[in-house]
Amino acid sequence: MLEKIGAKIYEDTGVTASEALFPEPFRSGLEYAAPARGMWNIVHTGMLIPESHQIFVCAEGCLRGVVLTAAEMGAIGRLSSVAIREGNVLDGDMEELIIDGASDIIGKLPRRPRAVLIYTSCIHHFMACDLPRVYAVLRERFPDIDFIECFMNPIMRKSGLTPDQLMRRQLYAPLKPLPRDPRAVNIVGSDLPTDDGSDLCRLTRENGFSLNEIARMRTYDEYLGMAKAFLNISTYPSARAGAETLSKRLGQRHIYMPFAFDYGETDAEYAALAGELGVEAPDASAGRDAADLALDRAARTLGGMRVAIDYTAVSRPVQLARLLSEHGFNVTDIYLDSVSGEDRDAFDWVKGNLPWLLFHPTARPAMRVAPRGDGTPVLAVGQKAAYFTGSDRFVNIVENGGLHGYDGIAKLAGLIADAAETPKDARALIQIKGLGCSGGCCV
Amino acid sequence: MIQLALYGKGGIGKSTTASNISAALAAAGVRVMQIGCDPKADSTSALLGGRRAETVIDLIQKRGRDFPLEDMALEGYGGVVCVEAGGPTPGLGCAGRAITAALELLKEKGAYEKFAPDAVIYDVLGDVVCGGFSVPMRAGYAQKVFIVTSGENMAIHAGANIAMAVENFRERGYASLGGIILNRRNVKNEDEKVLELASDVGTEIVGAIDRSDTVQDAEELGKTVMEAFPDSLAAAGYRALARAVAARCGMEVEL
Amino acid sequence: MRQTARIISVYTADVSGVASALFELGGMVVMHDASGCNSTYNTHDEPRWYDSDSLVFISALTEMDAMMGCDDKLVRDVTEAARELHPRFVAIAGTPIPMMTGTDLEAAALRVERDTGIPSFGLNTNSMHSYLSGASLAFAAIARRFCDGRAEREKGSGLVNVLGMTPLDFSVNGSDGSIRAWLRENGFAVNSVWAMGGTLDEIALSGRADVNLVVSYDGLAAARYLKQRFGTPFVAGVPVGREFSRRLAGELARAAGTGADSAACTLRGDAPPKTAVIGESIYSGSLAAALWLQEGESARVVCPLETERGLLSPSDAEAMDEDDLIPALARCSSVIADPMYAPVCPEGCSFRALASESFSGRIYRDGIPNLINKKIELERTDTK
């Protein structure tokens, strides 16, 4: 019989801010995966390239998650697979398997894709598979297709760029140099489209610049056209490295503008953007006031309700905690497994100013059995925070939700206020993979 | 820049041969980088006079990937840049992956540009058993493979195996066979047997090193023959070999 | 081409099969693989995940650990978790990289057991076989470690163990409860169900059973072990459809009496089959048998998973890959299969969807019917 293990307190399920260490407040070891699945995976991200097809080459167990991701987003017709079996490992015909398998699949597709993303796996690294040769053969065989070298290699997550960073870099590999358009700007490396109302979108568009990002590209040619932009903006931390590489390759400018919860940083970012655009730096006071107003209003709505934040909702959970706390919110818990460099300053502030705030891991084994919520109402920002607190009052966003700037802060405050007033079915919502991916997700 | 790889049966004298070729070339003014591709990490020990290079894998384990390129290499006798790939202890893990990871990191950190060698010598461990061990002979790495062998059957058999691998990889644009280096053990009909191997695999003996106590003596001193006994017959033999090997790779050197 | 699939799904892999088989038994399953690889199982292969506390973790293997053979780290991490969470047993399941580097999981498990006193075992799964292999290894390991000599076969008792019961084959639609009810209605008593709705303690006494019912291929290895250890005969079949359920009950009684095993799932009609049932062999075979008895519909099993010839009838076929499947279905006018097989069915053929969590995961979960001891009525659609 299944039984809930009782209300025993387990070690390593929480540490006070005063005791927490940067950057890893918790031991590493075995890991648990909570059923919050809203963050995008490499299938979701890869599907952003219009008119593309994905081919995964890996063991069947590894294929399962990606095949069903595609199926759940209604895109099973855009993903095919080549299963590696034991015989291939023993025979060492890994390169032929990719070449022949990909060729076979391409031949069977009802329509020729403009791009094929081939995802090789951990085992290809260990077998020293000669991937450059594989791609050279495929490119010669199918000169009309752009082959994109992608990776499903989580074993390499501590070996250079993480799989997430790699994916966001490779996503733009087919872009080739084009004549420069001095009025064209891109946002690169984000999964979700940046909110039209954000300061970022308004500043660029209102000054006569076109603003493109992959989530809005409807055709392959439109997507290739991103190469003409003079400036690339990246806003998501793991997008930065890829954006830098792309910009260098195509001779574009690049500016990194993360979604910050610090007003000074926000002002500096937008001043820098204005500089790149050659326009006057925006007057931030109206935006700032609106953000403050929204935050204060939300704080009043919550009226002291505990707030828990996780790293899946926003990329700077600790900085958000600081901002909210400074506006009178009762932030008591942050769910993360490590503290990013961008959150360092906020972490030090929280240690000093909110010493009793609890940091919780999401992946430590004890989190599997630790009690989820103690009955006190909690406003959770993020799916993992919702799950671990057992709360039905939560802000259901991932990866910053497309928000940016003061407008983003104001909107986030609005979402917090709405969440406090309207319960949601966490169980139904957080298990949907790839929140906001195209085609919707059916579960 | 020429790049060559030495393969051959374990214990046949690849590292001794590689180190002495490196030292001989270095003495003639060639800038050499010798890369040991063996978890034992002892390829360059004779060039380092007792010092031990921290292996690339050790460095990654201790410091992630964020360490200066210079930490991966020690300058040995004659200015030879010495690098050891490293790998797991016997019976564990995956040495093939270790070689691959080490060579990838060298490339990623720009070792070839930074150290700007004129000649790179890869000294690859004994029995090539999986994909990782063929990385040194791939496009972008060695252009020529030299097989070190004696007249002993096991060594010849291993040599034939390696030659077959090289032949299998021909259409991939991997390294071609540069020749056979005969490391004499004075077994019966040694020269004839190795000549036969050469003929069978479509190559030639590019040079031979006589068995001599000088080589042993130098080893006892922890040095190459070139350093310990530069005027010996053995040293002359290595010079001739180095010249021949370099010539096979398209580099004419006065030695 | 072999091993490629343009459009169909892929079955749950062996590692997930281990976790699914052991999920309710109070143990801890560790998948020895890179971080995040466990979420495929949690999301798509385990409908019980959200509401339970069952301990299934990933070792978060990194390139360096694998390359250097850091088995000590694995042992340390597993031991630490086991000491904190007190599982009844520990199972460590392998995946492609540990397989490649020859990691000795049995040795690692031995060390964990020595350090914690908790029964531990390693399972040489490698993500390249289906869930049936993994679950089979897991059930067999449980049999060896826990079905001890305290029990003795109680002939004539009508006690039955049901072997091979996981949501991957049966979903969470009450099928396990229905099988228990059907057994009781037919004069049997349930000793244990491996492994839904029961406990490890019940399973430990499996030696008492008069006869065993194997409802999936992954229960067969455990059944053979119990036969060898306690002399318990077994019958392979799932009680689907009213007529076949009756027949199966008779087979069970006969096996209990004679001590001879039987594969009831191989019963077929004598007319040439026009219907293909795609899926795991014992369930699909039982369905084919049930259709014959219910309405004289002649069906053959097309099995894309591991099985044995003894579980298939001569008209059945094995088809591991998409390219084998398409010709095997060519002359069918009707197919019963998971909806994700629809794209490879011949044009104009009538399709009856019967989803399996092992293939389509949670996508069609709500519609998976409980056919245990019920008339089989599946809606037909035409494939375009």
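For clarity, chains are labelled A, B and C in written order, and residue numbers in each chain start from 1.
We take it that a residue touches a chain if its C-beta (ideal position, glycine included) is under 8 Å from a C-beta of that chain, and two chains touch if they have at least 3 such contacts.
Keep in mind that what you see is a predicted model, and the values were worked out from it rather than measured.
The central chain of the assembly on a C-alpha centroid basis is A. The busiest chain interface, judged by C-beta pairs in contact, is A-C.
Inter-chain centre distance (chain A to chain C, centres taken as mean C-alpha positions): 35 Å.
In whole angstrom, the spacing between the mean C-alpha positions of chain A and chain B is 45.
With centres defined as mean CA coordinates, chain C is found 53 Å away from chain B. Looking at chain C, one finds that residues 63-64, 66-67, 100-101 touch two or more other chains. Multi-chain contact residues of chain A (touching two or more other chains) are listed as 125-127, 158-159. Multi-chain contact residues of chain B (touching two or more other chains): 60, 94, 97, 101. Residues of chain B that touch chain A in their complex: 60, 64-65, 94, 96-97, 99-101, 108, 130-132, 134-135, 138-139, 172-173.
Within the complex formed with chain B, the chain C residues making contact are 63-64, 66-71, 100-101. Across the complex, chain C is touched by residues 57, 60-61, 87-89, 91-94, 97-98, 101 of chain B.
Chain A makes touch with chain B in their complex at residues 92, 94, 125-130, 132-133, 158-160. Note for the complex: chain A touches chain C at residues 1-5, 10-12, 28-33, 35, 37, 58-65, 67-68, 71-72, 76-77, 80-86, 89, 97, 100-101, 104-105, 108-109, 121-123, 125-127, 153-159, 363, 365-366, 368-369, 427, 431, 433, 442-443.
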